[in-house]
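Have a look at this one before I ask anything.
Letters are used for the chains, namely A, B, C and D, taken in the order the chains are written, and counting of residues starts over at 1 for each.
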Amino acid sequence: IVEKAGSNVREFKKGDKVAVESIMWCGRCQSCRSGFPNQCKHVELMGLSADGAFAEYVMVNERYCWKINDLAEVYTEEDVFDIGALIEPVGCAYNGIFIVGGGFNPGATVVVYGAGPIGLGAITLSKIAGASRIIAFDVIDERVKIARDIGADFAFNINKLDGCTPCNKVMEITRGWGADIQVEAAGAAPKTIPEMERSMAINGKIIYLGRAATSTPMHLDTLVSGANKIIGARGHSGHGIFPSIIRLITAGKLHLEKMITSRYPFENIMEAIKASSARKDGKILITNKM
Amino acid sequence: IVEKAGSNVREFKKGDKVAVESIMWCGRCQSCRSGFPNQCKHVELMGLSADGAFAEYVMVNERYCWKINDLAEVYTEEDVFDIGALIEPVGCAYNGIFIVGGGFNPGATVVVYGAGPIGLGAITLSKIAGASRIIAFDVIDERVKIARDIGADFAFNINKLDGCTPCNKVMEITRGWGADIQVEAAGAAPKTIPEMERSMAINGKIIYLGRAATSTPMHLDTLVSGANKIIGARGHSGHGIFPSIIRLITAGKLHLEKMITSRYPFENIMEAIKASSARKDGKILITNKM
Amino acid sequence: IVEKAGSNVREFKKGDKVAVESIMWCGRCQSCRSGFPNQCKHVELMGLSADGAFAEYVMVNERYCWKINDLAEVYTEEDVFDIGALIEPVGCAYNGIFIVGGGFNPGATVVVYGAGPIGLGAITLSKIAGASRIIAFDVIDERVKIARDIGADFAFNINKLDGCTPCNKVMEITRGWGADIQVEAAGAAPKTIPEMERSMAINGKIIYLGRAATSTPMHLDTLVSGANKIIGARGHSGHGIFPSIIRLITAGKLHLEKMITSRYPFENIMEAIKASSARKDGKILITNKM
Amino acid sequence: IVEKAGSNVREFKKGDKVAVESIMWCGRCQSCRSGFPNQCKHVELMGLSADGAFAEYVMVNERYCWKINDLAEVYTEEDVFDIGALIEPVGCAYNGIFIVGGGFNPGATVVVYGAGPIGLGAITLSKIAGASRIIAFDVIDERVKIARDIGADFAFNINKLDGCTPCNKVMEITRGWGADIQVEAAGAAPKTIPEMERSMAINGKIIYLGRAATSTPMHLDTLVSGANKIIGARGHSGHGIFPSIIRLITAGKLHLEKMITSRYPFENIMEAIKASSARKDGKILITNKM
């Protein structure tokens, strides 16, 4: 909630509910001026390089804020903030698939590796954007289940495929055509990329969002025959991402509440962070609502 | 149904159910070779310049046919052909919005003028592709109702807006932001385009599909301030359009049956054509099913 | 020349030579945040709504400035500022053709109507971007000549075509194929657009930059058969436009000096403005160099 | 030269000079019908799976042929065929950079690894398409020299960089910004890709054309921070590639003759193939001209 608006602030006033981008782009470097705030040269990340949001009040520049007052049309007062907190991870998926990745036309097959907050965002966005089939993989049963609940047509625990590999599964479901878009949101590139390489459709794309500070052995020639692409992306700022997601939620077309699997009160914050590393949850929220 | 496959035919065999593109592109001219069959220099249109499909058997080249056997997974035997016949008009909308028009990102506002077969296709496709709001206009109450049934969030009879203009309606619903995509499928450009011009969002596009062999007065300067585009399109061939639509139907994600508002048996064909010019219906089918 | 840099300024220091965007975008509205500064909701135009540049010193925000120190590698000290002043009109052409218009592939045919500063920018940029043929039209002989000097393969005075229409000329030169890109930089839409409509290639685009506060009668059905587009654009900010042009000049690949046809000293500024309305010149500069 | 045209052939007649695509796409599979002949499912490659062109007469389908009669406007009779033979490798570069790779805007920095026929094609096309700087690398001095002759602004022998790595060279020349487009045409991915990874600009792309049937270790996280892409491509068919190149040559804007470094008569064909594996030449031609 906006508690106090600076005197130069034009768009917000006391009492406005807002969602805040956590990428604090400078607005002056060449990347920012070229429309790529997620590649800002002088970026500060809220909660990492800058002060974070696990605090009662935060002071943020107007240009990172988006009004979410309208969410109250579909959610209760307290749910508005919970949903608002999900815009950021869903925004990362939006940026990867639709902005940097160029999106897909209705009827495409989408495969998502990793059903954490960003992976779940990829699934739910692909569902509302007209994928004909969404196939999800994770290594934890709980997350496989959430993936299915939130919109995956097929969801598998990679470790329980009965000898079948993920790429075979994709080829089987697509009858040998392969996947049009594959999202790496598992942070396990050395394991997932080789599978993806072998299940790409013609003009297929791999959207690489995950983090794995290791080397991944690739057979690049597999990119050649299908005119395939690997596309890296990060961030959620710019490109109309936040307002698009807010509009979808307000219109009742994007239901993110299923992503929330645990809620912790403010005082149990360390416990929440611990739970987060177990990777069994969808999105864990720090919230006043229980 | 394929009754007999020529000896060179590779993909089809007797008994296959097929949907057939009605644009008979040559495959040899520069347009065809460049991947633009809808702009084929030597095109023949089935039912216009070539023999049509109101016949018991038609001979068509393999390259205009797409298998729809899979539709039997979601529809009864006889419904398969009814649905199959809808792929063509929906394909024209798909081509205009997603192929030539470049599509839209989830959350966009889509406006459709004209709720005939192509306009209804535009509405239903926009719905499954993640539009946050779809606004439809027509001049006939029956069609306004079908538009709403098939997925428009707002649908109005232009003649019953109580003094409000369509462009005002769009600006009101979008709170002054305007429409991201507007589809002219009414064939009434001199009336609809001036409305569209005044309700475009930044980077907004007008997809012009309609036919109106007259001159339309335009205020082109309205395109300049918003970096807006007017995009003409026709046809439904190429670009993976037919297989994408077939995949969506098979996956149970695209429900075209609501578009069919009348069915006529083969022997009452002239009656059907007469009904078509009353423009009260969605899609009128010539079918064995009653 | 930067005389004094504010204390928060990061990238510039006293003595830097700079070119300045004249579109003063706010950096906070939804357009700006989405990467579209030319569509800024709160824009101020230097010299129009804000104080202009016909002054000895101007105070501008760092974010509108680009260093042009490097131009001194190819030009003399005083020429650097003359060339620097040309970046803005050339930037408008760059924005229209390559950013909003999506550019063209090497080998395309480009037609430019109007050989003023922006039209000449369109010609010279198309030349270095690989157009196979550039055809220019104007109504004044002097400008036709400059168009040819700066890179047009064909340049005609519309009033001296010996009964031939511009569109016929284009169809003749392209052997009936038509133009891939046509730029309206003449501000004479009611006259030029009807010609353009009749000489478009398949997938052809009209880039509309000109200003003509009148109504233009269009035959929109001509857009349909060729899947053609009309694209409006304005501005020169964002999208890496300024740095791209500066890099091209510094690399010795873009020679804008031919665009300058008259120079007026600061004290004769009113005379220069008068000459500008005669529309015989390319770019008229207010400069210390004579 | 067309010796005899089949009775159904519409566009060609006896005596026409033609260039022939060597990718014999079927025109009926889903890839072909979607406008991607280079990904044809039933493709035959002339000279590999089908009979080749080292013969006095070849029978080819009309749809793989393009008229090059116009080249006689700028070249002598016999040169026309030599130049015609270069369209294919240049077409592969055109496809990789401009079609699959999406091209670049004027002012971009292009880096090319490998100065064989396709790499030289990439250099010469980038030059005419408005790159501000082209940097080429090879391991053989002769090829480095040809690269420079044909348009590279900088060309280096990787083995003679005096301890400097190629990626450092690129970063130095671009003052730390990196390359917008990098083309792998060396077939040495395990060596070149790690260099490319470390010298990418924001939104930079690697166009992967080379062949290296080995595994390449990649640090995919480097793609994430710059929103970078790796794009595979092959082939030269479709997308207007051949006619665009022919138009550029005819207009005198693309000079491919410098690519030819050796000529062998038809009877010494085995010698030519041997020379080709020494990798010292640009393009080796089998020709009647000496």
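Here are a few things to note about the model shown:
Note that in this section contacts are C-beta pairs under 8 Å (C-beta built on N, C-alpha and C of every residue); 3 or more make two chains touch, one makes a residue touch a chain.
Quick caveat: nothing in here was measured; it's all calculated off a predicted structure.
Looking at A-B and B-C, the interface holding more C-beta pairs in contact is that of B-C.
Centres computed as Cα averages put chain B at a distance of 38 Å from chain C.
Each chain gets a centre from the mean of its Cα atoms; for chain A and chain B, those two points are 32 Å apart.
Under the contact definition stated at the top, the residues of chain D that touch 2 or more other chains are 34, 36, 240, 243.
Under the stated contact rule, the graph of chain-to-chain touches is complete, every pair of chains being in contact.
Of all residues in chain B, those touching chain A in their complex are 94, 98-99, 103, 105-108, 125, 128-130, 132-133, 153, 240, 243-245, 247-248, 250-251, 253-254. On chain B, the positions that touch chain D within their shared complex are 10-11, 27-30, 33-37, 42, 62-63, 237-240, 243. Every residue of chain C that touches chain B in the complex is listed here, in rising order: 31, 34, 36, 38-39, 100, 189, 193, 202-203, 208-209, 211-213, 215-234.
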